[in-house]
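In the two complexes below, chain A is the common chain; its partner is chain B in one and chain C in the other.
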Partner chain A sequence: MTELLQHIVNTLILGSTYALLGIGLTLIFGIMRVVNFAHGELYSFGAYALYFVGVMLGLNFFLALIVAVVLGCFAGALIEVVLLRPMRGADIDTTMLVMIGAMIVMQNGEQFVWGGVAKSVSTPFPELPLVIGSISVSWLRLFVFCAALALIGVSYLLINRTKLGKAMRATFQDRDAASLMGVNIQFIYMATFAIGSSLAAAAGALLGPVYVISPQMGNLASLKAFAIVILGGLGSIGGATIGGFLLALAEELGAGYVSSGYRDAMGFLIIIVVLLFKPTGLFARAERIG
Partner chain B sequence: MLHINGLVCRYGKVEALKGVTLSIGQGQLVALIGANGAGKSTTLRAISGILPSAAGRITFDGHDITKCSAREILGKGIAHCPEGRRVFPDMTVDENLDMGAYLRTDRREIAADRERIFGMFPRLAERRHQVAGTLSGGEQQMLAIGRAIMSKPRLMMFDEPSLGLAPNIVEQVFSIIDGIRKAGTTVLMVEQNAYSALEMCDYAYLLETGSIVLSGSGKDLIDDEHVRSAYLGG
Partner chain C sequence: MKRAHGLITGAALAAAMSTALATGAAAQTIKIGVNEPLTGPFAASGTYVVNGAKIAADEINAKGGLLGRKIELLIEDNKSNPTEAAAVAEKLISGDKVPVIMGAWGSSLTLAVMPKLMEYKVPMVVETSSSSKITTSGNSYIFRISPPSSVEATEFKAIMPSLGIKKADFLVINNDWGRGSAEDFGKIMKAQNIQVGLVEIMDQAAQDMSAQLAKIKATDSDTIMVTTAVEQLTLVLKQAAALGITKRIVTTGGSQNPDQLIEQAGAAANGSMHLTTFAPWYPDKTPDPAATKYFLGEWKKRGYAIAGATESFRGYDGIRTIANAIQRAGKAEPAAITDALWTTDFPGLNGQIKFQKQGPTGKESGQSMPNLYLIKIENEKIILSGS
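Let's look at the complex of A and B:
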């Protein structure tokens, strides 16, 4: 029982960051129809940005987190304008290949700039975990959970309550009609990619201090983000949120009760099972976002 | 008010418009009729800037808008109510109307216009929190018209507003369009239902395979031998 409770607590914490990754990817695919293989690289970009600003420049940890998210936003906007804008109208396979190229360049760039040795970031949180009954949680993880939930909430509000979010949804539902309403589609694409990227960077910056930061960390993040989005249904933010928690649950239970070696295999198992039985994802309503 | 001169549009290698020339005067209701594939929708799409034109010139109030973006053209006061209604299916009626007012910033007047639209279409008011995809065809057409009105246009273009609607609703839609014109907005209407369109318009153009082949008052076209046999069923 205790063990199960501990797994559930771990699930919530891990799942909240997975949800961030998934929301970013699903927004980009839903609105732009771009399969973003570089998503995981923006995750590692966020982690390295935190390392650079927080450790090398010595900025306060919390401020460094914010800076990392903002830098992720700018990096996303830059990628969109430089790589995707000229490819507008190209088919989905072409942009997919471009994004695979971007992934390779970014990952090797990280290796070149930061070296292959993993970096760690120290945090202002106490070393001793919070213990409630028989469950223990580190303060850092608790913070990660709260920050991720807050960011998920902000994304919901952004999509559902703001004018930009409304324009994003309109573009998703009917691009031509949206442009007839005066929506600047180019700007919406850039904003979408920037927001999606900043969510990935946020996930990376939050998990960077929990684990270690290495140039390869993006690989698994990309694959997990795809698993989450496939699970939740493409284009569904709610689905991506639930998908993130479900993937974390599967990983925790798989690691806890099967073998810890199978932790990362759970995501792929889920992709296979979902694609076999419900290829549209568990929560997909046709053509819907929000 | 709107002048089009020698407009050419292509889809790939296919020339959909082969030099269309037409004019719309302030306060007029102008009809553009023709068969499927004659280029009626293409003309509207080119005017509203969602389709680039290959040659020719479009001026609105004396300004050349040929190369303007859809956003700029809407900003100058041309609204396009597209074929098939194209409301945002997963947004509520209210949100769809918000999208119509996307470029406007005068909050108070936006709210007043919204109430005015709900006055025109009480069914929409009842369903304002419902997503548009669940509305009936007629209600969606009303919403599409309301959404276009929300941009406060001086020229409103309707593409097949009667398409797929029940006869009594069609009549209602036409009387709404007539009302919009009477309220002072210039109207350009593309319609397959040629007889109704010709009856209500001030001036009409007949488009055949990408070219204007005939123009005149609605009555002139109704009386024309060719129009009668080809478009009015004898």
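Let's look at the complex of A and C:
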């Protein structure tokens, strides 16, 4: 029983960051229809930004986190303007190739700048864990959980409750109609990509100190983000959130009760099963036809 | 006509130049291939080994080189990936024509390189890998200076009683190294009436081991035997502390870099014990104190973090082993170096380097037997607790 409770606590914490990764990608992949292979690189960009600002420049940890997210936002905007704007109207395969190129350049760039050896970031949180009964959890992970939940809430409100969110949804439903209604299409594309990127950077900056920061950290993150988005259904924020938690649960229980050797396979097994029965994912956004 | 003439001149010129380049380079240096992980999950360890190798090369060259020529290290990154390790070996042997290689850090990486050595008949000094398979599979081009996990386990047997282990769980990296260690240590423990509980596996790129640790936390074992490299080990220690695990943690494999653990895991490293093959904190207790001090002095002078010394000494000894063999072989050719390696007998930083025969008769591999130390981290300090 204790073991199960500990697995569930682990799941909640891991799931919150998976959800963050998934939401960022669902905006870009699900709504914008850009197969963003560089999503994991924005995740590692966030982690390195935190390392640079927090460790090398010595800024306060919490301020450094915010700066890292803002930098991630700018990086996303830059990628959109430089790489994707000229591709507007090109088919999905072309932009996919461009994003694969971006991924390779970013990962090798990180390796060039920071070297291949992993970096670690220390935090102001106490090293002794919070112990409740027989369950224990580190303060840092608890903070990561709360911050991730807050960011998930903010994204939900942004997309569903603000004018910007409405314009975003309108643009990707029907670009021409939205444009005729006075929506600044170019800005919306850039903003959506930037928001998705900043969420990935936030996940990286939050998890960097929990784990270690290395140029390859984005590979697995990318893979998992795609899995979450497909599991949850393209374009659905709620779906990506639940998908994130589900993936974490599958991994945690799979490793705990089946075999730790196949931990990463568990998640993908679940996805295969879900797709067999519900090919559009668990919570697919209604497609507009035509 | 004029055009054909130009072409021929061009081709002749190119041919002349390439011959000149080839002979020029051969006359200048003796090439030694170095096949190490400089990126990927083992980047820290591979980089330390390479830095140690560079110290050895510079030391040898400062003393006038070998056979009147300078040595040159051709360092290639195998990306912590067995496929890449084999490709790097191919490139070093057939492209750069190196007569000897040092590598490839991890057991799976080394095992991937081994068929290439057979194919081209080029010897390799294995500086880190510890899977027993490496020296028992019948590859006569393998000369290993690190202890296989079976030897590590046998030496650990002498230390075990003082620890009073009753039941142990294993948490090991999912490759030949980790699985091999779990098997070898498990065998020794069972023979000593120590119960072996769970054997949990972690992917080499995994960053979150909470699930495995939560499972281990719930068992009635008193000790966790962990086998992995320093990056993942740091995470294991931090995550074990976060889960409130108080069981004794003993690590194997010699790639723990205790100073780095203290620096990156902090208090979470306290109480953990590590089997290592070098004790740079106590140079006077090493087999060759003068050489140890020279090496540590150079390491410091180059501004490297002291944490790397427990790992990098293998790169240093590996290159010295190769240089020693080339010197005695009298020529930098694979067959002559292979023969000379068999008669190696010189003091390494961790004991005499001398190859014993292992594996099937007629195609034995060489295995040198280094010392083993058990160290403990207490209050973020390193204490020698057994050897």
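Definition applied: the second predicted complex is superposed on the first by the 286 of 290 C-alpha atoms of A that agree within 3 Å, B and C clash if a C-alpha of one lies under 4 Å from a C-alpha of the other, contacts with A are read in each partner's own complex, and residues count from 1 in each chain.
Just so we're on the same page, a residue touches a chain if its C-beta (ideal position, glycine included) is under 8 Å from a C-beta of that chain, and two chains touch if they have at least 3 such contacts.
This is a predicted model, so every value here is computed, not measured.
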Practice prompt. Check the residue A:238 against both partner chains and state whether it touches chain B (first), chain C (second), both, or neither.
Written response: neither
Practice prompt. Go through the superposed model and pick first if A:111 touches only chain B, second if only chain C, both, or neither.
Written response: second
Worksheet item: Of the two partner chains, chain B (first) and chain C (second), which one does A:138 touch, if any: first, second, both, or neither?
Response: second
Item to complete: Based on the superposed arrangement, let me know which partner A:166 touches: chain B (first), chain C (second), both, or neither?
Response: first
Item to complete: Based on the superposed arrangement, let me know which partner A:220 touches: chain B (first), chain C (second), both, or neither?
Response: second
Worksheet item: When the two structures are laid over each other on chain A, which of chain B and chain C touches more residues of chain A?
Response: C
Item to complete: Mind listing the chain A positions that touch chain B in their complex?
Response: 163, 166-167, 169-170, 173-174, 176-184, 287-290
Worksheet item: Which residues, counting only chain C, touch chain A once they are in their complex?
Response: 38-41, 43-44, 47, 77, 174, 200-203, 205-208, 210-212, 214-215, 217-218, 231, 234-235, 238, 241-244, 264, 266-268
Worksheet, complete the sentence: chain B residues touching chain A in their complex are 48, 50, 69-71, 74-75, 79-80, 82, 86-91, 95, 98-100, 102-103, 147, 151
Worksheet item: Which residues, counting only chain A, touch chain C once they are in their complex?
Response: 2-3, 6-7, 10, 14, 111, 115-118, 120, 122, 127-129, 131, 136-138, 140-141, 207, 211-212, 214-217, 219-220, 251-256, 259-261, 263-264
